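Chains here go by letter, A, B, C and D, matching the order in which they are written, and residues are numbered from 1 within each.
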Amino acid sequence: MNPLTSANRLFAPLFIDEDVAARFSTDRSMGDFHAFEAALVDAQSATGQISAGDATAIKDGLKSFEPDLDAIATSLIVDGLPVPEYIRQLKAHIGAPHSDAVHLCVTSQDLIDVDRFGANPLTGRTRMQAALPITVAQRVEPWRTSMVQAAAELERLRPKIEIVQLGGPVGLYRHSKGGETHATAMAQALGLYAGAGQWHTNRSSVADYANWLSQVTGGLGKMGMDMALMSQQGIGTLNLAKGGRSSAMPHKKNPVLAEVLVAFARHNATQLGLVHQALVHEQERSGTAWTIEWMTLPGMMSTTSRAITLAQKLLSTVVDIAGPPQND
Amino acid sequence: MNPLTSANRLFAPLFIDEDVAARFSTDRSMGDFHAFEAALVDAQSATGQISAGDATAIKDGLKSFEPDLDAIATSLIVDGLPVPEYIRQLKAHIGAPHSDAVHLCVTSQDLIDVDRFGANPLTGRTRMQAALPITVAQRVEPWRTSMVQAAAELERLRPKIEIVQLGGPVGLYRHSKGGETHATAMAQALGLYAGAGQWHTNRSSVADYANWLSQVTGGLGKMGMDMALMSQQGIGTLNLAKGGRSSAMPHKKNPVLAEVLVAFARHNATQLGLVHQALVHEQERSGTAWTIEWMTLPGMMSTTSRAITLAQKLLSTVVDIAGPPQND
Amino acid sequence: MNPLTSANRLFAPLFIDEDVAARFSTDRSMGDFHAFEAALVDAQSATGQISAGDATAIKDGLKSFEPDLDAIATSLIVDGLPVPEYIRQLKAHIGAPHSDAVHLCVTSQDLIDVDRFGANPLTGRTRMQAALPITVAQRVEPWRTSMVQAAAELERLRPKIEIVQLGGPVGLYRHSKGGETHATAMAQALGLYAGAGQWHTNRSSVADYANWLSQVTGGLGKMGMDMALMSQQGIGTLNLAKGGRSSAMPHKKNPVLAEVLVAFARHNATQLGLVHQALVHEQERSGTAWTIEWMTLPGMMSTTSRAITLAQKLLSTVVDIAGPPQND
Amino acid sequence: MNPLTSANRLFAPLFIDEDVAARFSTDRSMGDFHAFEAALVDAQSATGQISAGDATAIKDGLKSFEPDLDAIATSLIVDGLPVPEYIRQLKAHIGAPHSDAVHLCVTSQDLIDVDRFGANPLTGRTRMQAALPITVAQRVEPWRTSMVQAAAELERLRPKIEIVQLGGPVGLYRHSKGGETHATAMAQALGLYAGAGQWHTNRSSVADYANWLSQVTGGLGKMGMDMALMSQQGIGTLNLAKGGRSSAMPHKKNPVLAEVLVAFARHNATQLGLVHQALVHEQERSGTAWTIEWMTLPGMMSTTSRAITLAQKLLSTVVDIAGPPQND
């Protein structure tokens, strides 16, 4: 929650990944909210829980619904999340009698969690590592291996992470009549996995995802540390085309991106510890644990994606890697 | 570095403190940069290190200088910080022959650190605790005490934190001829303490400041935890005028702000560990350690200031505190 | 590295798991060292890298070899690990000409890592959860699920964690002639997986293992938090047969073990962040990163195993769980 | 809580500081407990709260009292702390009618906290830094400064940390008749500061002490990182008399202690975050927060003291520091 990125256009480009930021943008959030409510009424009308007329009216209403965002933002500080005010506005927009069928038997977390983990945009980028020079293969091998492992691991994690959340107030929705059918239909409509049960209170998949994010930045941080060490004057086994400038010593060439990768790794390692603090959440839902997840996961995702991009940029500036590996 | 605040106008108001954000805004950064360079040439011309003509030309030039912010943001990813491009633009704006006297013998950190720690806006707000009900004085005492202690401690810390940074490339500026005089003059001009020596590499004051921030949120987190526990149904020793709504159960009243205070405390506690990781910085300056500070301190400041504001808001909603304190 | 457990016989039983401690005992370490060296000469003589006579002489010598432990402990502070002095003593014990065939082409990490991750003793204990009352099934479900998931996950992780380490000085042993054959033979002899390549510098499996440990304590910490909340006077949905006594209020019954489970969860969550800091290790091997692993993993293992035992003990004291779950 | 030190005599000398361990030993704990109870009855009889006969009988009884340590260790797992069983045994030892005057109106935390913070043994050792070579003064300056600052800071912190704890069950002892007088007398008898009020629930001084410990290891970690970098082949600005050996490459000389100092710094930085998590403690006393303190503080103290000792050892092996400082 760092104002260096929200309030300062100079620093934001270093730290914020545009793709990840787009995932958390106001527009995208609202779009996801709409999609969830539409998928929900489709699923519920298919099993007769609500009438076809209700479903049609609500889906039509969603098309023309433009939420009052200022009112939602203001309510968020009171309610702790944006959903209650969104639903209130949506119901008012739909109007009686159909408004009673809006958001039926579900709860805020069902809506928010979909927003947070659907369609993770980080995957495709890890393939860049193939172009690495092979003359220093042993040094580079763990850099590459950690990325290859991470790519494979992400595929394994997807069905644990990209799951539809449909629990209702105390997590029993899917035990209710038609509940599992609704969940399957909604997962299909939203491009998610159905998973098993609700995950209000068993956040192990969130913690595993955070572990994965820190594994990625940790692997890239090791590369950054190695490259910073290799580019030291006196060692000189790495020659970069261009580095950062110094305001006082214009002739210097600093391995800025390598150092930034180390900082990103240490950042995510620390945040991972905080995500795991949120495993201790009380009873059927914990506002504290949930807030901690919001404070850490988007930043970890942005940092990870930014690390991948900056690592590509750093590797593209390699002019020469020469000489025998430094001894250990 | 959380896109929930930079990209999402719904969540930003919960997490971002406007006053702190203003401290880190682009405009404020540029204003601080200008003020530093002006104070520097004043100090240097007073001791004859640069000519009065240079000083006048540079100060005049600063008045009409409008940096190309996009270019600075782009360069920041290369240089790791905004200063080199800023100085390049400023020198071009000033033009020969006076441009040689710009930013003479100083380095980026001298400029950036001033920006980050000058005139901390958090202090004045801790006095709100006086209005607390005294009928539950023993429970409330540690809430109040921790804030009173923090207010006193901040006064003690100010001269350690709000110090002018003037080190030059390898930290020797103040050992150079006129160096101490320049530092004293600049500190006075910028409303800072002169301190002793440079603090490129001894970041203990930064770590102490982070410790202080986490002490504040820790004290408020204890209050939040207590208030959340006191407002449980069945305990019922705390009655709040209004709490957050539930999207599924409109009759519920959630102690949202109390839970948020706990999350803020756990957040800052974890970030403190990361700031201390940055005590291990290499040689005369570490890009990694410095980047870690940027990734943590502004967010800790914003979180702390937000915690103080939300704690006031929470306390203002107290309708009743009744019954004996629950025993442990 | 807490002297409360090494120097204080009162506190040690609370924190130290005997099974895990036995895994890290001096005797067990020395036994593992012996087993590794014996397996190594078997593997190397089978491919003709050393003679059968050397192998026999070394294995015979190992049977009568009693290391000077004080000398090893003293050397550890100089060498940073116990292996060099152990090998020096072993070679002296074997004597010329066979001593040249001892520890051939391998390095300390090959020996130490085997010691640390072979045959993890934590698995078998997670089955205790089956006896939980089903009348509060929804509250209890995530307690149980997190343990079931962890048990399954451990099976998946075993082949990543319980792998033989055979890298040699710069990690190339398995690329050398006969190297893969030796690794396979040694893995079989030691009851480990062969894995792929060395893992000097790609410590992602160590980090995944730490993530798993914190998942277990996180799941049990959630249970502890719930049980502490349920046993509050005024809530009273949980009645424990016996709790801890208070020195000042003998009538009180404190949910001590529930609170301890929360503390263990927060402890491991934090240590996980530190293990991930060790992903940033320099070049072909990092003394810093390795030392950090020693400082965290054994304690995480002990804490996790202790948490499982104490959770069983806590659940065995449940007299009654009654009433509707408290709403949130 | 690391079995590497409690169960393994090879690793213990690297990580455990004997002086700190002695502070936490069983004998010392029991001695502190005795001293506290004796000082308490002296203070209470001086104000007439208990009779002189009771005081004399209890002090006489303490002289011959040998607690059943196994019984205390067993009870600690039930009670969460050693005091209730200790008091039960002591009362049985004293016998009626005097036993009623034992431990009157006080609580376990009063006794335990005295044990933990009285007479910190870390101070005296920081003066060794004066002998540092001055030819590389600029590089070395922040190493020295951080220690000098820490020594001064410790003097400032002592009156905040080394305070008598006398709160009674809910923290009101010192508000009771004679309470302040008793506290002052006990502080004097025990060589502690009287402080103000109880500190059951305002643990800011514990957090500040942990911050100080991490400042010390952070400063030494910076030195370790610098020395490891300076001793790289190719840089070669630092020549150590002896380093650690490699089991595979006997000719190598590893800067083991420098790397260990970095590991210690990262360890304490992380633990500091955990200590601050314990600022969020519930109501009048939190078993969770207190347990977290036990799990972190003794280890931080041992690590810090060990870091000071190893830093001295490392500095004593410096043969030569030559050449210009490496540029940044």
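FYI, a contact is a pair of C-beta atoms (placed from the backbone, for glycine too) under 8 Å apart; a residue touches a chain by one contact, two chains touch by 3 or more.
Here the structure is a predicted model, which is why all the values come from computation and not from measurement.
The greater number of contacting C-beta pairs, out of the two interfaces B-C and B-D, is seen for B-D. With chains reduced to the mean position of their C-alpha atoms, the one farthest from chain C is B. Here the spacing of chain A and chain B, counted between their Cα centres, is 27 Å. Spacing of chain B relative to chain C, judged by their CA centroids, is 41 angstrom. Centroids built from CA atoms put chain D at 31 Å from chain B.
Contacts with at least two other chains are made by residues 229, 249, 262, 266, 270-271, 273-274, 277, 286, 326-327 of chain A. For chain A in complex with chain D, the residues that touch the partner chain are 229, 232-236, 249, 252, 270, 273, 277, 326-327.
Those residues of chain B whose C-beta lies close enough to touch chain D in the complex are 138-139, 141-142, 145-146, 149-150, 169-172, 197, 200-202, 204, 207-208, 211, 214-215, 218-219, 221-222, 224-226, 229, 262, 265-266, 268-274, 276-277, 279-285, 325-328. Put simply, chain A touches chain B in their complex at residues 1-17, 20-26, 29, 69, 72-85, 87, 103, 105-108, 111, 168-169, 228, 242-250, 254-257, 259-260, 262-263, 266-267, 270-271, 273-274, 277, 286-289, 291-292, 294-296, 298-299, 301-303, 310, 313.
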